[in-house]
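Here come two complexes built around chain A, the first alongside chain B, the second alongside chain C.
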Partner chain A sequence: MFRHILYKLLRWIPSVLVVILVVYALLFFGAGDPIRLMFLRMPGDVAWNPERIAAMRHELGLDRTFLAQFTEYIWNLLHGNLGNSLLYQRSVNDMVKVAAPVSIQLALAAMVIMAILGIPLGVVAAVYKNSWVDHLIEGTALAFWAIPTYVAGPLLVIFLVRGLKLMSVPYGWEGLFSPKAIIPLIVLSLRPIAIIIRQSRSAVLEVMGEDYIRTARAKGISNYLVMSRHILRPVLTPIVTSLGLVIANMIQGNILLEVVFGIPGLGRLVAVSTIDADYPVVLAVVLIGSFLVMGTNLAVDILYPILDPRVRQTQVGGES
Partner chain B sequence: MRRIYSVLSVLMVAVFVLSACGTPTAAPVEQPANPAPAATEAPAANAPAPAAAEQVLRIIHPAFDQNWSPMLGGGHVSRLYSLWWAAPMYFDAKGDIHPMVFTEWTPDENFTKWTFKIDPKAVFSDGSPITAEDVKGTWDLSAHPATGHARVDLFLSGVKGFAAVSKGEAKEMTGLVAKDAQTVEVTLGAPDPIFYQKIATNLIAPVKISQAKGEDGEQKLEWWRPENGVVVSGPFMPQSMDLDKGVITFVRNPKWFGPTPKLDKIIVTSVEDSQTAITMLENGEADIHTYIETPTLVKDLGLEFVAGPDMPKAQHFWLNVNAEPTNDINVRKALIMAINGADLIKASHPDGPDKLATMIPNAVPGADDPLYLPYPYDPEGAKAALAASKYGGPDKLPKLMMVGISYPAAEAAAQYIAEQWRQVLGIQTIDMKPQFDDYSGPDKANLQIYRDDVGTRVPDIVSYLQGSIYSTCGNAVNKMGGYKNSEVDSLLDQASVKGVDDPDRIKLAQQADRLFRDDFAFIPWDITPTSAFAMPWVKNAGRNIDWQIVEPWNVSIEK
Partner chain C sequence: MTEKDIPQITTSGLLNAEGLSQDRKYSLWRDAVARLMANKLAVISLALVILLIIISLIGPYFTPYDFLSQDLSARSQPPSWAHWMGSDYLGRDVLSRVIYGARTATVTSFAVVAVSGFIGIILGSLSGFAGGRVDTFIMWITDMVMAVPPMLLAMVASVALRPMVAAWMERMYASTGDTFYRQTFWADIFLLVTVLTLVLWPTYARLIRGQIITNKTKNYVLAARALGITNSSILVRYIIPNSLGPVVVQLSAGLGSAMLWESAFSFLGIGVHPPIPSWGNMISEGMDYWRNSPHLLAAPAIVLGVMTVAFSFLGDGLNDALNPKQWSD
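And then the complex of A and B:
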């Protein structure tokens, strides 16, 4: 297992370098000059002085070649320095240090909610296949999937705050266990829960048709034990894969959610930086995203043999 | 099954642990190195009677700004400068100038040398006086390219030595001299009778230069944060600044040298989503917005929220005089005369309070020019002009591309314009996008119509037109494709050296404006009011042409 993890890590390094190179090139050649954009987008009374703008770019090192700037970026990266924001002159390390844990907390909490609610609902839908229970669960899941985040968020706020007057506007971040986190968590888990429900349902239906399940039932084992001991374990493998993919996306920042609710996470950070072509911040978020994809893949790889002994035996057989 | 439960339990514990570690705890606010001494003397004669409840103003800020330097010169951050930085002088809502840091300003007979006297009572929040060295140091530093001040050219470009500093070739302007601790002498490269008006702005407020400037001669990183002991000169001072959450708290500056503020505290919260912001204002969870514009703002928050005196600023659609087909004056005539201005403003602002613009200058002396003929709405004349153009009609006209269509009112206006062109002139192919870089390839080099605003920060028609139609201004270069009318430039050059009280100053400027009108290079649109963006219970929150709250010490909450 250790060799497997090490091998994965070594394979990941060149992939990340390619991702950084591609994103850097896209920003450099495609996103535009952040200083020039700053002046172009400002109201019309901002003085347009090409010489001054050139001098500002020179001070920030933006007039150097692509190779010079990229090499310097990689060199700093190897020393753990993500650079300074071009527009805010803040250390990107400091910016990301605060934003990343917020997004991670939210995503993990949403994942727990999705697992706790989604898997049992999917199982119930499968058990009561084609009945009104199944249709109700699937239909509701699809309805949630159809509502985009940028609609669900403001609608919930208007409904709960202005309509029912149950709470004040849940804006800002005071930790995962504050009332302000309730609506963002609901919105964050609403859509992906549909994936988990449907994945669980189809996986359970597939396993329910297996011979060993029929044998277990024939032996007189109760439905509950059949479900919990014989069906759930093989079903969890594909669900864990889906959860891994979903959480990687979530952590990288649900931009709309964080902007609507003022959550100081990675999504909010990258939204502002992308519009302003603030390369170092965008690259830092991309780097974190790459880490997350690798990390979740690794976590899934580690969980598989725990959940499914057949995978463990295959691995052991392969290694021997 | 036990393993599954174990895995889930581990996950939940991980969430709890991360939550405990990751939740930013409120860091204790570090006391500044030289905290302002508590007032121990007897209360001043103008000290307010103790209020029954704390007066706390809650401001919604529309951007997640992470740089609150007083030397930014732009962005939404700059609209709140008057809270914590004292301007050299300031304009009230009527456009009258008042002293603040400077109490006297005297030009020589040629308007090339100006002498400014600092108020001896003007001090920073640590009690240290604001000196001429602070003024000079701030203005020099603002001109450095590394500082990134977006508007310093508007204020100080006339000072001798500015160009060298602006290009990074020098650190100090030769024309800026601290004659003594309270006297600043400014030498200009050319006569400028309104130089004193240009510097009457919070955007170049003097800062304590020993705090702002590093050993390398450049602006220190984040020197303006309270954690770094910043001292300020305005009526309020920052108590805490959580840039990651976007929450900034101000309290009264005990050393403020002006009238005692009525507010006890100001809390600024960054809320980027306008629907959330409106809900908070409607719910009474906030009192003021720094700047907001939505299509239903008047319906949501009332006309009083957005109403205000006209400001010398307006939005127009500018025509690129060097791009096909708008390089043909007959095409431009056709496009302009096909628009009914009254319907245009109704389409974009059905609930008010914006008014239709008919010319460039507004709300400045000289804007009411009886000789100026607004563009007529003349569909037949428009068709005839298009027929007389080199294209002969709409069929051979290249695609028209609009840019700057980036907010709902602009979208409504652009769509009305496009529909008028379709109905009156038969032009079918019109594209519209929010940003310049939303276009790509050859289109980017051939954009014909820009929506953008022009204005002035001083109540002066010459300054207004210099920033709008003078050939080297950003508007002429970027939005009108390099528009240049030598006669217009010459008239404005002549006007600029006339004294403020010289009637020829206005006459020459009006002449230039009429000449520009005959070039048919813009579609007049929208005069913006100087909205306070304040709920009805907020008093005296009016703003000036600099978008600053004019007298933040007078703002109060009356619920």
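And then the complex of A and C:
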């Protein structure tokens, strides 16, 4: 197992270095001049003063060659320093430290909602397989899965805030337990819940066909015990994978949500800084996003054999 | 192959026991169409998707108003007989803009699926057939692209490449004088197709590679080889037709997701730019007026929502119709 982790990490580092290089080069050569973007926001006479622009550029070290700047970036990165934002002159480390908890709280809360609602609904759909209950649950889940954040969010706001007048405008962030977080959380959970429902439904169906379930029933074990002891345990494995997917998608899934609801998390941070070509910030979030993808894949690999002993053997056999 | 698969293969084999070699590949599709038609939701969705395509082809010639014509005396009107979906803050007819938005969505999604599917299929089959170093290299690239959340990568690429595309269009205009190169719409579409292809091709490449590698080792390929059939005709007659089902499903799902990508990027302001209507940028503009004229937001949002749900049900129906082996549950 230790070798497996090490192997994954060793594979991840070169790929992520190439990715950083590509993203850095794309923004460096393509995105236009960050200094010019900064000056464009200042009053007219300052904006096109070439001397001030040159001085500013020199001060930030942006007049050096690509290679020099890139090496310095990597050097800082190895020391845990993500650099400074070009636009706000703030340390990117600080910006990430402020934004990350917001996104993490949202993702964790959404995961809890998903597990509480998704698993039981999936089990119910499997138990009443092919009845109208099953079709209703599956159809609704598929529909919710398809609706994007920037459709569900605004429509819910119109319906709940303007139509039913149930709550105030959910724009901004006042902590996870404030009423403002309700609509964003609903919207954030809609898509993944559908995945959990489908996963747990098909997992339960697969397990219900196994011989040991028939044996358990033949022994006269009550339905409830069969369900809780023999069916739900193996069902956990695919569900863990889906939950992992949610974490891996945390930044990506939050971009649109955080833009729609003005939530100051990592998603909005990256959306805003991408459009402004503030590349130290973009690189930091890309790095975190890539680490999350790799890390959750790894975590799922580690958890799988613990949850499902059958995997242990195939993994030992198959890893050569 | 598990025991569960065997009955289905034998039944479909028995149905066309005579004339095996010619009829078999058609029967797969005929069965699939029959199965698809039995699925009511999928049929309704298919009808909606076809309607969308027709509207985006001919709709712009039948819109009640021009999508740019402003009527400042009739601003922010609620839906009425004159304006079925109301009018926006500049007095433009929302229905006409939604119809033009359908064209934006359709053009982008077909182009994205065509280009990324083509590149993915070529590189994926190359990887699957050649194996060895070619395979390792191509898979390493897909690994790398997939190591970054796709939306982040596409956003970065879109921002970085925009000045280049703009400069190229400007140069082409200077040298040819063709006003085509002055239309920001096509620059936006070109950029979207490029960046979305960049992040989407690995999915197709991996799928095709997996299909080819599994089918290569199947017994019927071995049997064909034992009968002395040449490699190329094994490829054309056995491997490709048998690999196609999941690819068709993926391509149709790709249409829906490309549409979503387009509207998401336009929503964020890095896709299709106003005044050209896209459902995404209409939602984004409508969000400023949601309290007083919610129809500006609701109209494009509902249309986009209905279409994404339709694509999703259609993809699901196609999946059931073309991959009957998954019927075990």
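Definition applied: the second predicted complex is superposed on the first by the 253 of 320 C-alpha atoms of A that agree within 3 Å, B and C clash if a C-alpha of one lies under 4 Å from a C-alpha of the other, contacts with A are read in each partner's own complex, and residues count from 1 in each chain.
As a convention for this text, a residue touches a chain if its C-beta (ideal position, glycine included) is under 8 Å from a C-beta of that chain, and two chains touch if they have at least 3 such contacts.
Note that the structure is predicted; figures quoted are calculated from it, not measured.
Trainee: After superposition on the shared chain, which partner residues are touched by A:5: those of chain B (first), chain C (second), both, or neither?
Mentor: Touch status of A:5: no partner.
Trainee: Please indicate which partner A:112 is in contact with in the superposed arrangement: first for chain B, second for chain C, both, or neither.
Mentor: The answer is first: A:112 touches chain B but not chain C.
Trainee: Comparing chain C with chain B, which touches more residues belonging to chain A?
Mentor: Per-residue touch count on chain A favours B.
Trainee: With both complexes superposed on chain A, which partner does A:162 reach: first (chain B), second (chain C), both or neither?
Mentor: After superposing on A, A:162 lies in contact with both chain B and chain C.
Trainee: Where does A:259 make contact in the superposed view: on chain B (first), on chain C (second), on both, or on neither?
Mentor: Both partners.
Trainee: For A:268, using the defined touch cut-off, is the partner it touches chain B, chain C, both, or neither? Pick first, second, both or neither.
Mentor: Touch partner of A:268: chain B, not chain C.
Trainee: Thinking of the overlay built on chain A, is A:145 touched by chain B (first), by chain C (second), by both, or by neither?
Mentor: The answer is second: A:145 touches chain C but not chain B.
Trainee: Go through the superposed model and pick first if A:154 touches only chain B, second if only chain C, both, or neither.
Mentor: Touch status of A:154: both partners.
Trainee: Identify the partner contact of A:173: answer first if only chain B is touched, second if only chain C is, both if each is, neither if none is.
Mentor: first
Trainee: Could you pull out which residues of chain A sit against chain B in one structure and against chain C in the other?
Mentor: After superposing on chain A, chain A residues 31-32, 154, 157-158, 162, 259-260 contact both chain B and chain C.
Trainee: Across the complex, what residues on chain A touch chain C?
Mentor: 11-12, 15-16, 18-19, 23, 26-27, 29-32, 129, 139, 142-143, 145-148, 150-152, 154-155, 157-158, 162, 202, 205-206, 248-249, 251-252, 255-256, 259-260, 270-271, 274-275, 277, 282, 285-286, 289-290, 292-294
Trainee: Okay, in this complex, where on chain A does chain B touch?
Mentor: Residues 31-32, 35, 37-49, 51-52, 54-56, 58-60, 84-85, 87-90, 95, 98-99, 101-102, 104-105, 108-109, 111-112, 115-116, 154, 157-158, 161-162, 168-169, 171-177, 228-229, 232-233, 236, 259-262, 264, 268, 272, 303, 306-307.
Trainee: Report the residues of chain C in contact with chain A in the complex, numbered from low to high.
Mentor: Where chain C meets chain A, its residues are 41, 140, 143-144, 146-153, 155-157, 159-164, 256, 260, 263-264, 267-270, 280, 283-284, 286-287, 290-291, 294, 297-298, 301-302, 304-305, 308-309, 311-313, 316, 328-329.
Trainee: In the complex of these two chains, what residues of chain B are touching chain A?
Mentor: That would be residues 1, 3-4, 7-8, 11-12, 14-15, 18-19, 21-24, 63-67, 74-75, 145-146, 148, 150-154, 157, 163, 166-168, 221-222, 243-247, 269-273, 275-276, 279-280, 282-283, 285, 313, 435-437, 452-457, 467-468, 473-475, 477-479 of chain B.
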